[in-house]
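Letters are used for the chains, namely A, B, C and D, taken in the order the chains are written, and counting of residues starts over at 1 for each.
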């Protein structure tokens, strides 16, 4: 069974995230509220976006410093948040509650193995509830880690039905994140919408370069000197969703496209792992087509 | 003449930095105070250090949002700061006031040229008031930028007197930073103390590796695969002051020590420029032997 | 006067570069020839391109190990090269002969200042013969380094004539490289052709992302997490010439487009300096639309 | 069962490595020999070390271009190598022959899991023959991949005997590499000697900084801004063996020592994987206390 990292005791936190139109006094109201309930803040990050005029914050508070359950804390905060206008978006989550992730995979094992082993050694605040594959290639790897594997074939002409099956399986787990770990299938628009803000993809290029198929081969043809990978939220616009994380790796003229594929795996693996962890820790706030990432 | 970057109008900020023992309510007190004087916060960063139990913050507030001069703002804040205990260290600075930097150099021109040209194109919130060299090699480069050059020879047996001269010259400018831009002379203990928190050095290794003389040759002998540079505050303990910034650059077996020296210049230049800018923007808070850097 | 780095004595090299269709025996023929003339090889790099079936090499030989002037060495090598087929492209250059660079600039000083100071401290095997600017902004910086500055205005409707002037000035120096150091004007097709393989541009994005104008603003709008710069040979196809070097720098949601512009300067400066040096040291071989770079 | 990547057909190579005192004519002799046996060179790298006066090369030749078995090729090359002096060190290996690796582990799973999964997906030219652990913690992970696990307890006062057991087990597999994948035990001098050039360690710091125990805690105390990892051959001198590969990762004041431990795992994993692959591909030549790495 995949272990999950549920925090307890001293380590348990209530995590509050907020995005709203900026104005004077928000921080004072927020910190006044937190001080009022005795909240011991362990992490606090703020961002005022000059372009959009929005304000963003993430605060982690020791749960044991607040003498009430998360539901009560949430409803008390709702009163404060009301002052920040109807557009305000906020969330309060409890690191003491177990989270769940479902992975969608195809044939490439590197991201899957990495995510399963990170979850198992407690690096993610979530358990991997299930893996769905359009091929059986990764069934053995998945079940080794005690995680159920669902095989949903994608026959030519039967993709719509296949996606309906995938959706039913995934939604059955009510996951906090659906991770396309080199899934190689383009989600239909309705799934993009249904899973908005939860579906995370890894694209094997430094976007916006090399959108679409075979990006390493595109990179090889162009003769770039660095290859990259991009972790982003899935939207109906292909490879154009809000970017969570990117990184690159140096290559040179000696690299064939196959060499890039191999070296690229390490970047894909790291970038996806970071993006998923930050998402699960509520460090990623989306606004319009961009992200604020409070590392 | 070296241009300085004095901000005015919309861009002028009062920058507040604070370090004090952590306890509940500091952020509330701080943000309550700032909201009370109408302060429009444009940057805010916080850090709670679990190991030392200290709290650190840096806040930038639009000067035109606060209806009082910086002196009054400072004395009002002093009352708030008193609540944070006798150990609290804080500062309020005004980006509308010109800052000054003095550079100490020897024969290598790369850091000097870089700092002079950054200052000239307005990348630093300071002017370079003067350059002091123990050789005349860099006099021409300095005066090209309209900056006065002071030559202080360091004869064998006359270092003590030379340092007294350097001190008199430097202190005459009352600088906000004294930058050892590859100065190659070890400051005596009394100068380290007099300039504590203002004297910034660039060491051409990734400290704590390769302390002392000829670090690239030490690196060559050890066969490392990356070379680095370290920007740190100067203390009486050689190359052991609080680190502000570090970076590295990849090398391989083809690099001679001379190749490392050449490639290392680019890292030294960048690391020093970052460190000096962050210092001048009050982004670096020192506590014990370490720094908090709010980028 | 801009110093140049002309090597002499032990350091003088004959540098041989060759690209030709690959077949067995080329290295043997080459090294047999070099051994036959007593050549002491100090650097040798090879690349067999599996995709194009071409072979590339660069060899540096101590001039003092070969008892003949470079012209004779070149004509002897021509006989060997004839065996490698009519498509073979090769060059023999002498590091003891001074090289020349002309810079084209506009208003941004960072690349100009960096290249002038590198040339002055002997980091390039070339002198900067002249700088041509479409504005007078950088005249002072240029003449400080003792380098002549030519002002060629680019009035609306008069670009064709302006480019003719630029061409006449540049060609008058017979340079080994024409460097567009943030020139901000698109070279016409005839100049691209005339200067093919010699005109080097720095583009302020990680190509092929963000071709054309205001790449940092494009990057800001897309929400990327790294910004980059690309040094490439100029071709008639905008920002699509063979890439010599690229690098990136991490940013985050706190960066405005203006912050990216500032931080991007450091990457542009470094990437251009590397590309120009490698070009002047005959480390860059172009084939089709890609480069082989023997660092 | 752990897959191995044995190359065959077009992909099979004879790999020749050589280190010897430099003199004119070595490349000619080598390439003449290879051309004489019809060798189709697919990779060739050379290094002339100016400091030691030694020459190093690695050449990969298509096995099917040479009409003889590897033993005959080796004995023919021995005649050529004799010309390079008695100090010459050379090796001819056949990528068509399976290689073997044994891993030594303790309790941390990240390097183990990564190496097992790379071997399984064919990224290494070797199989993992066995894993030896001084604790049972990693037995399950090992056997999941079909690899035998040997538990050798290291009781206080019984280390000498334990190491004798480890040696017997390891030597029974006659491995091409013994990888200390976070083994946490210091090899005794006799084992260092017996396994010289085959035992590879990962140290969790950027050596030579932070030798010995708890390097992340040392890094935390010093306040460095980057953490690193070093892959090196094991010698009797602790953490001072020839360095194969190093890399670093940026941290800041927000990182606790525990955060460094977590982030450091990713660097350790990558650096060890690169080092092991390069070793198995005969890309690493050791001379004195340094390495030449032909990537």
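For the reader, a short list of remarks on this structure follows.
We take it that a residue touches a chain if its C-beta (ideal position, glycine included) is under 8 Å from a C-beta of that chain, and two chains touch if they have at least 3 such contacts.
Keep in mind it's a predicted model, so treat the numbers as computed, not measured.
Traced through touching neighbours, the fewest hops from chain A to chain C number 1.
The chain pair B-C and the chain pair B-D differ in C-beta contact count, and the higher one is B-D. The most distant chain from chain D, with centres taken as the mean of CA atoms, is B. For the pair chain B and chain C, the distance between C-alpha centroids works out to 35 Å. Computed centre separation for the pair chain B/chain D is 42 angstrom, with centres defined by C-alpha atoms. Among the residues of chain A, those in touch with two or more other chains are 50, 295.
Taken in their complex, chain B has these residues touching chain D: 47, 49-51, 206-210, 220, 222-226, 228, 242-243, 245-248, 252-254, 256, 289-293, 295. Here chain B touches chain A in the complex through residues 24-25, 27-28, 30-32, 34-35, 38-46, 48, 50, 65, 250, going by the rule given at the top. Interface residues of chain A facing chain D in the complex, by the touch rule stated above, are 109-110, 113, 117, 120-121, 123, 144-145, 262, 266, 270, 273, 295.
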